[in-house]
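Pasting in a structure now, in C-alpha cells, and then I'll have a few things to ask.
By letter and in written order, the chains are A, B, C and D; residue numbering begins at 1 in each of them.
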Amino acid sequence: MLETRNLDKSFGAIHVTRNVSLKLERGERRVILGPNGAGKTTLFNQLVGEIVPDKGQILLAGEDVTALPVAKRARRGLSRSYQKNTLFDGLTVEENLALAASVHAGVSMTLWRDALQSVQVRAIVEEVANQVNLMPYIHAKVSEISYGVRRQLEVGVALATKPLVLLMDEPTSGVGPEMAKGFHDLLAGLPRDLTILIIEHDMDLAFAVADTITVLNYGEVVFDGLPEDARGSKLLRDIYLGAWEDA
Amino acid sequence: MRKTLTAALTGLATILAAQSALAERVNVGLLLPFSGVYASLGNEIEAGFRLGLEHFSDDLGVEINIIREDTEVNPANGLARARKLVMQDGADVLVGIVSSGVLGAIRDFVHGAQVPLIVANAGNDEATGERCSPYITRLSFSNGQVNRPMGRWMAEQGVRRVYTLGADYAAGRQMVGGFTEAFVEAGGEIVGQGWTPFQQTQDFGPYLAQARASGAEALFVFYAGGEAISFVNQYDSFGMAEVMPLYGSGFLTSQLYVNAQGESANGVITSLHYVPTADNPENTAFVEAFQASIGRLPSEYGVQGYDSARALVEAIRTGATDRESLANALRQVSFEGPRGALSIDPATNNVIQPIFVYETVSGENGAMTQKVLATLPAEADPANGCVMPAPVTN
Amino acid sequence: MTPDLSFWTMQTLNALQLSMLLFLLSVGLTVIFGLMHFVNLAHGALYALGAYFAATLASHAGFWVALLLAPLGVAVVGMALYGGLIQRMRKSGPMAQVLVTFGLIFVLLDLTRIFWGDLALAITPPAILAGRVDILGVGYPAYRLFIIALGLGIFAALALILSRTQIGAMIRAGVDNDDMAACMGINVERLFFIVFCVGCGLAGLAGAVAAPLLSVTPGMGLEILIPTLIVIVIGGLGSLKGAIAGSLIYGFVQTFGAVLLPGVASILIYALLAAVLLLKPVGLFPAKG
Amino acid sequence: MFRHTPLRYAALIILFSGALFTAFTAGYFGMEILTEILILAILVLALDLVAGFGGMVSLAHGALMGLGAYAFVALATKAGLDPWVAASAAVAITAGTGWVIGAICARSHGIYFIMATLAFGQMGYSYFFEQSFFGGDDGMVGPRRFDLGFIGINLNDSRSFALFCLAILGVIYLVAMAILRSGLGRSLTGVTHNEKRMRALGLNVWRVKADVFGLSGAMAGIAGVLAAQHIMFISPKMLHWTVSGEALVVVILGGLGTLVGPLVGAVAFVVMKHELSHVTTYWHLIVGLVLIAVVMSRANGIFGFIEARFRPKTDRMIQSIQTRDDAKEIAKDA
C-alpha cells in the first residue's frame, strides 16, 4: 500500500534519512520506534510531501508519488496527524471534522451551498466522531475542549479525509496513561483495511497495537520485523530502549 | 439620456440663479486644492483672489459670497465638490481648478449645468480647444501658449540643437510639445527627448547623464513643484551649466520655489506669463499689496487668482449677476493687469497675454530674482477644434 | 547618441548613490521587522521628519550640525513613539501595528505641514561637497560621492557591530528566535528599544542626507515608503544582507531601466518585485530559513 | 467561521434604515455622500472577504476597482457596448484579473503578500496613467448610467441612483454571506486558520485563494462600475495604492472579518472625512489620531468595540469559567 525505496535526505551536513526502504501491506499496522532525533518525523514529512527527499521513491498504492505535492498525495488517500496539535482553533469540533470531510466529499470548492449541510459531509463527520469518541464534544470549540480530547480530534481530522493510509505522529504524546489506553481501543475500532503507520514512544502501546515494527536510528532502518522479535532483539535494546530508559 | 440630465440641471440652475439674482449677491464657489501636493498652489491662488476682490470690488454694490471647497488632487473629488457648490450651495460662478485632471473631470458638468467657471490655473490645451465651452473662461494660461514663444525665441537666439526632458504626464507632454513644435518650425532640431515618471522620480541623475551624452547645445525642460527644485539642484550639481545651458517652462523657476533652488537656478532661462519683476504700475501695486498681506513675493499662481477676481468684478460691473450673464460677460473682459494687457480670445475663451522670457539671477541679500530678457507679444492659441457661439455683445 | 564609457560610469555611480540612500532607509526598517516582527509604515514619515529637521538646523547652524543633530532628533521622536505607542502594541497582532503606524503617517504628515508649511524647502550642500570629483574622466558631484561613502561606511559599521559585538550577537539571536533570546537572559525590551531608536535615527539620517539632493516636501515620506518596502521585500526581511542586496537591485534596476527601457521604467521595478516574490516568496535573503 | 449574532442583525437593520432615511431626507450633497459611502462599502466588503476571512491583506483592491471602472467606460464609450453588457464584461475582467493575482500571490504570506498585491496594483496604476488611449493621467469622461427606464426608474436622479447602489450593496452582502457559508468559504476559513493542515487534508490551497480573490475582484469591479457611473468621470487616481490603503483602513477601523464592521467603518470614515475637511485642511491629522485611538483600544475596530461592550455579561462569565476549566484540564492531562 505504501512503500519507500532507498529514501535519502540531508540538511547540510546532517544526514537525516539514510537509504530507508519500507513496505506496508494493505491493512498493516506498523509502529516506528527510535530515539529522539532518529528522523521519524522527517520521514513522515517526506512521505506526505512536506519535505522533498534528495534520493529515492515513495509509492502509494503502487504508484510513484514522489513528485506529487502534499495536497495531491492527500487526495490519493494519504493522511497524517501531527505530533503538535494542528487544529482549527476558532472552530467547533464538528466544523474541524467537516473541513476535512469536505475535501473528500468534493464540496471544498463549491459556491452557494452550505458545505456543512452536505449529506456526504454529515455522514463522514458522524462516522468519524463516533470512531474517535468525539460525539459528546461535537459542538464545542477547540478552545473549549481539553488537551486529551484535542489529541483525539487531531486523529479524527486525519481520518475524516477517508484515507487509505493513515500516518500518526505520536498520537498519545502529552496525554496521561488512561487516555493512552483509550487510544488502544480507538485503534481497535478502526477499519481493518486501513493501513496505519504510527510513530509511538509508549513501548507497551507500541507492542500492543503493532503488526510490525520498524526501528530507526540516525535516520537508518536498524530493525524491521515482528514485535516478538523486536522485544528480544539486543540491538534494539542497546540503541533504543537504553536511550529511552535513560531519558 | 444626457439631454434629460442637461434639462434637469438647467431647470435647477435657473431656479437657483433667479434666487441669487434677487438678493444682489453673487455666490462664488472657490474650487482649489487645500490639501495634498498642490496645497501651496491652492493657498496662493486663494490669497491672490481675495486680494483682488479687496482691490477691485469697492462700491460694487453686489455682495460677493465665497464658499471654499477642497478638490485635493483628485478629479473625482473635484467633480463631487463642484456638483455640491452648484446643486446645493447655489454657486453663481466657480473659480479655481489647479490640476488639469480636475478640470477635465468637471468640464462636462459645468458645461451642462451652464455655470460659468473661471479657470485660475489648470492649463490643459483641450479645455480651450476641442473641449471648450462658452461657460469656461481661462484667466491663467494654456500649456502650449506658455512654451511656443520660447521655441521661436530660442531659435532666434541661434540655439540649434536641443534635448528635452519633462515629467511624463499630460501637462508635461503638452508643455514640452508646445515648445518642440514651435522650435522645430523655426528651424531648430530636437536631438532627443527624455520623460521621467511623474511624481515617482527623485533622482534625475540618469536622465541628466543621457541628456549630456546627447551632445545637444541646450536643454529644455518642464518640471514643477518639488520636482522642479530637485531637478535644478541636481542639474547644477552635475556641472551641466558649463556644457549645456538650461532653458525651460517658467514653472521650473517659479518665484514659489526659486529660493529653495538658490544659486543652482542662477542663469536658468525660462518663459512664463508672469514674473514678479515685470515692470508696470499694476504689478508694482500688486506685488506691494501681496507682500504686505502674505509676507513674500507673489508667483504666477497669486497673480492668476488676483486677475480671476478682477475679471469677475469687471463682469459684475457690466450688470451681470446670474450665471448666464456672468458667463457671457466674463468672455469679454479685458484689462491691464500685473501681467500686462489681458483679453479673452472669443474663439476659445483662453486668455491672451504677453509671455516673459526671463533669466533667474542672484539679487540682493542672497535672494534669487528674475531678469526679464524679452517680453514676447500677446498671442492667441489656435482654435484646436474649438467651436462655440460668439459672446453676445451689447 | 553614442554612450561611451564615461556615460556608463556615471550611470553606475548614480545607481550606487540611489542604492545607498535606500539602504540607509531600509536597513533600520528591516532589522526592526526582523527583531520585533512588525512593519513600521511610519518609517518614511520619520525620513521626512529628518529632512525637515535638517533643513531648519542647516539654516541656523550649517550643514554638518544638521547632519549630526537631525538623526538624533528623529531618534528622540522614535523614543517617544516607542514609549507611547509601539511598546504597548507589542502584543497586538501585525494588523494592529500596521494600522497604528498608518495612522502615524497621517499625523506626522500633517504635523510637518503645520510646522513647516506646504512650500518645498531645500538645503545647499556644504562648500567642500559642492564641487565635482573626477572619477575615470567623469566629473561626478562630490555630494553624491559623499552619500555613497556614507552608505558604505554605515553598512560596514553595521556589519561589524552585528558580527563582532555583544549587542550584535543579541540582535542576531533575537532575530533568529526571540524565545531563545529571552531564555539566554537578554533584556529583550531594552534591545528592542535600542534597535528601534537606532532604526529611526538611520531614517532621520537618510532624510538629512537626501535633503540637499532632493526637495524637502511634506509628501516625501510617502513617496519613499513604497521604494523602501520594495527594497526590504526583495532583499528578504530582517537581514542586513537582504537590505544591501535589495537596495542595490532597486538602485541599478531603476537607474538602468530609465536609460535602457524608458518606455517601461515606471513599471519595471514592480514587475521585478512580482517576479522575485513568485520565485522566492520570502525574498532573496530572509533572516530565517 | 462567519456567524450572524443578534447584534449584527441589529446593526444591519440600523445601517439599512439609516441609509433609507438619508436617501429620502438628505439634500443634494447628503445624497452624494450617501452614494459615496455605499460604493465604498461594496469595495470594503470585497476587501473584508479576502483580508478578514482569508488573511490575504490586499493593496490591489483599489486597482481592481479602477480596472472595473476603466473597462466599463472603455467598453461603453469607446466600443459602444450597451451599459449592461459593458458592466458585465468589466466585472468579468476584474474577476479574472483578481483570480490571476490571487493565484500568483497565493504562495506569499503576511507582508510579502501585501507587497506582491501592491506590485500588481501599481503596475495597473502606471499602465492607465501612461496609456493615452485611456486618457492618460487626465482620465476619461462619458460613462452613462444604466438605463432602468423599462421599470420606470431614472438613475440620473441622485436619489434613485443612491437607492440603486443600496440595492446592489444589499445583494453583494448576501452574496458575501453565501460565499462564506459555502464549501469554498469554509475551506477559506480553514486555510486562514491553518494552511498547512488544509494542504495535508488534500485541499488545493492556491485554488481556494485564487477563487476567493477572483470573487472579491468581481465585487471590487462592481464598485468600480458604480463609481464610474456615480462620478461620471474616471482617472488613474482610482487605481493608486493609497485608495487600497484607505479601504484597508476602513475595513480595520470598522472591524476586520465581521462583514458588518466594514460597513460601519465606511460610514464613519466618509462622514468623518467630509465633516472634518470643512473644519480644517489638516483633517488627516485627526483621522490619524482616531485611527490610532481605535487600534490602541485593542478592540477589533469600532464594531468589535461595540460587540465587546454589548456582549451579555453572562456570556462573558461562562467563557471565563470555561477557560479556567480548560487550563485545569490541560494541567491534569500533561
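Points to keep in mind about this one:
To be clear about the criterion, a residue touches a chain if its C-beta (ideal position, glycine included) is under 8 Å from a C-beta of that chain, and two chains touch if they have at least 3 such contacts.
These are the chains along with the protein names UniProt gives them: A = Amino acid/amide ABC transporter ATP-binding protein 1 (HAAT family); C = Amino acid/amide ABC transporter membrane protein 1 (HAAT family); D = Amino acid/amide ABC transporter membrane protein 2 (HAAT family).
Since this is a predicted model, take the numbers as computed values, not measurements.
The minimum number of touch steps linking subunit A to subunit C comes to 2. In terms of Cα centroid distance from the overall Cα mean, chain D ranks first. Looking at B-C alongside B-D, one finds more C-beta pairs in contact between the chains of B-C.
Look at the CA centroids: the one farthest from the centroid of subunit A belongs to B.
In this assembly, the C-alpha centroid of subunit B lies 37 Å from the C-alpha centroid of subunit C. Averaged Cα coordinates give subunit B a centre that lies 38 Å from the centre of subunit D.
Chain centres here are Cα means. That of subunit A falls 74 Å from that of subunit B. Separating the CA-averaged centres of subunit C and subunit D is a span of 32 Å. For subunit C, the set of residues touching two or more other chains reads 113, 266. Contacts with at least two other chains are made by no residue of subunit A. Under the contact definition stated at the top, the residues of subunit B that touch 2 or more other chains are 39, 168, 197. In this structure, the chains touch in the following pairs: A-D, B-C, B-D, C-D. For subunit A in complex with subunit D, the residues that touch the partner chain are 48, 50, 69-75, 79-80, 82, 86-91, 95, 98-100, 102-104, 107-116, 118, 143-148, 157-158, 160-161, 174-176, 179.
Within the complex formed with subunit B, the subunit D residues making contact are 27-29, 32, 36, 126, 129-130, 135-139, 141-142, 144-145, 147, 154, 156-157, 227, 231-235, 237-238, 277, 281-284.
If you check the complex, the residues on subunit D that touch subunit A are 1, 178-179, 181-187, 189-190, 193-194, 196-205, 207-208, 211, 322-323, 326, 329-330, 332-334.
Every residue of subunit B that touches subunit C in the complex is listed here, in rising order: 36-37, 39-40, 43, 168, 191-192, 194-197, 199-200, 202-203, 205-207, 209-210, 212-215, 225-230, 233-234, 237-239, 256-257, 260-264.
If you check the complex, the residues on subunit C that touch subunit D are 33, 39, 85, 88-89, 92, 94-96, 99-100, 102-107, 109-111, 113-114, 222, 226, 229-230, 233, 237, 266-267, 270-271, 273-274, 277-278, 281-283.
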